[in-house]
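Common to both upcoming complexes is chain A, partnered first by chain B, then by chain C.
Up next is the complex of A and B:
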């Protein structure tokens, strides 16, 4: 672990331990688990069903997956905060560490690499070395050009970050399933939203 | 060597037919997972696949074609070659064992259900959709589990070495079943094909595990290995109906994937029904499976999966073989 992230975790109020051990610990001791392959197969079945439903219009499939992810994200953040009780992040750098070392670890048991920061530090990439969604998967020719198979993850991140007042764009830049060298997700912070009191019902 | 070269394509064709039949049943031929590889059946005679460039549809020598009008067959091949390693790793029994959190699965499942709900008009249509999702998983599961339990650690020589990755991929999938392959070290001579340093999974397979032929065996397989694979435990009971000859029941006291779903209007366990039916169907035990919520004292979420086999299964079962 780099000195950089060590200093981040030191400043992240709650846990004294590094975020990585923190995430590992929650995964090991506080998380109910289920077979990852059932997860993979279920997701595969969802995607293939969507492809049929939209008559192989992969742009629509992408956006539908994104929408599903968004729905998940806005709920998932609640679960995440309840499990980790992490405080608000001070910087996007810290957010990225939390996402990769805690969020991905706790839910999917993988730790993507963070990298490829933009010059003004408002965008970064997550490199998914292993992706539990896409084991076993091989895209058909026509899908390999347009379908972002794991697009649901983008929606999840977007939804979850939005619920902690970060308006972000999340998209896939590259995917090994499409013949790329790595699976890369890009997260770009647009703005920090103000805490707004929701409009009253009356 | 000659016999071996033919051994594989035969069984593959069988599988292909089975899958087509199964897919036709649900009017859905779109297989994203485990897509059939084009390169497996390659009769030494007939036309080279390259000639099929630009064609769409079905070519009986090489199976279903997914070539786009403007894409040549070569590029299909190169794309396939790039992703071949996917199967090498993921089919290995050792690959099984990783987990994700139940929360992540529950979120995904919930989205699947709501997707099914939005696309349907009636409750039974929702259930049918969930069932179909499960069915496609079941089809793959039988292959996966049987394939994996055929892998014996250590020795062995290439079984379908020639076909390499995609062969293994199509032939199956499999996760640790209970009874591991009864290491019947299949004989077959020592004509080693190709380079020995190819560490393919196939080199660990001496004999493919025998498929279950009797009704009870296959039910035990669902009750045991399949359940253990899916939910990390065997199902709670396997019962034969006393009223109807063709009816069996698998009982789950604490269904794990629907545990966060409170509504009983829609029976989300139809997803699991689909899995069971997929497994049994591909094993040539056609049946219909339905889920019924039957709460008992301690287990208020108890679910009974009723399996009704088609008449032909019973007739076959009555034969001695």
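Up next is the complex of A and C:
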């Protein structure tokens, strides 16, 4: 795994400027910022209201959060592309780098580690060491079994990737809130959607 | 002698102010866009919850149907798009709309309760929570709470000193990007309503955490109003202001 990820990051480093400095630069100079605690608290209120509404049926809460994220993702990608002006990625490896070093950096100011590549390079994991959504959050016993607290992130990623013609499945495999070693998000590419060409055009 | 004492006091205050500023800057930050999106997305979310809950009730009789439904639901986990959900809000009946609004107010309420904690522990030298009367609590909402969440203060605060307050926000941030003409149709007006229930809940939450916590003691309603002429913005910008009407029953 370590050998894999090392070679991938080396090959995908941009010719002029590495994605990392690119992302850092945008975060520093072109981003209006807001207190992360406020963000955490707001998300916490939303999740807790959802849990009440669904009478602690956490499966439903998960899918509702996912749906909410999806709706955000399909619009967030516009903002992302407008701000970064990045071209299309040639490979999933590059996509993963853009997600971790630019997208997460610009919007949440964190840089998750990319790793755990599948053998045929169609799936990878993002390891979130820091997660602004779940700062100072502790789940009650019943929620810790079924609730994916930050499931909104999966929805966002899925929605955003779909808008750049990548049909992906995104889900959490591990979360520190559930007693896991790390917070791990899995991204699996199903297929690249074809560009639709209007009928009658050559 | 007295002069130099005053000077050092000012310096002390300035030092605290500077320290506070440095502390604020050192806090972890996230992008503002996603925060705005998250906050606004709570509205379609509340509508979607309402939809799935009522849908669920209808299905309760036909267990098989519900089961089939859940299997089909796996396929389209995304649910409806936000703009469709907003349309559903207009089609919903009175009860449903009320429940959606209550849901949003609850979200705001919880946020408000925690917000005052966040601000109490922020070491702001200008804030003192000791012996706060109702007016200074409202000032706190207008100045510090609003600043924290929306990046600006409330533009105008009016009160009759008997528990009624009008808080005017000429450009309420979350609905600012909406494109709305001056001659707002009833439907459009109705569609904005739910977006105003989050801050209403927030105001109640802040007040509740600062001692005005009795059930029904505080009511808050928001309406869209025309801004005063002096504030008329250029063409193409959002032209409506929001007025929050807060009623506090003070015991006596």
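By definition in this document, the second predicted complex is superposed on the first by the 181 of 202 C-alpha atoms of A that agree within 3 Å, B and C clash if a C-alpha of one lies under 4 Å from a C-alpha of the other, contacts with A are read in each partner's own complex, and residues count from 1 in each chain.
Note that in this section a residue touches a chain if its C-beta (ideal position, glycine included) is under 8 Å from a C-beta of that chain, and two chains touch if they have at least 3 such contacts.
Please read all numbers here as calculations on a predicted model, not as lab measurements.
On the shared subunit chain A, the superposed partners chain B and chain C overlap sterically.
Look at A:139: by the touch rule set out above, it reaches chain B but stays clear of chain C.
Of the two partner chains, chain B and chain C are each touched by A:68.
Look at A:115: by the touch rule set out above, it reaches neither chain B nor chain C. Contact with both chain B and chain C is seen for A:37 once the two complexes are overlaid on the shared chain. In the superposition on chain A, contact is made by A:53 with both chain B and chain C.
With both structures placed on the common chain, the touch criterion links A:177 to chain B but leaves chain C unconnected. Touch criterion not met for A:87: it reaches neither chain B nor chain C. With both structures placed on the common chain, the touch criterion links A:107 to chain B and to chain C.
Superposing on chain A, the segment of chain B with clashing C-alpha atoms against chain C, chosen from 38-46, 56-64, 128-136 or 164-172, turns out to be 128-136. Residues 31-39, 41-46, 48-50, 52-53, 68, 71-72, 75-76, 79, 106-109, 132, 135 of chain A lie at the contact with chain B in one complex and at the contact with chain C in the other. Chain A makes touch with chain B in their complex at residues 27, 31-39, 41-53, 56, 68, 71-72, 75-76, 79, 106-109, 132, 135-144, 152, 176-177, 179. On the side of chain A, the complex with chain C involves touching residues 31-39, 41-46, 48-50, 52-54, 60, 63-64, 66-68, 70-72, 74-76, 79, 106-109, 132, 135, 155, 158-159. Partner chain A is touched in their complex by these residues of chain C: 24, 27-35, 37-39, 41-42, 44-45, 48-49, 52-53, 73, 77-82, 103, 106-108, 110-111, 114-115, 118, 148-149, 151.
Interface residues of chain B, counted against chain A in their complex, comprise 28, 30-35, 66-68, 71, 75-76, 79-80, 82-83, 86-87, 90, 95-96, 98-105, 107-112, 114-115, 119, 129, 132-134, 136-137, 140-141, 144, 169, 173, 175, 229-232, 256-257.
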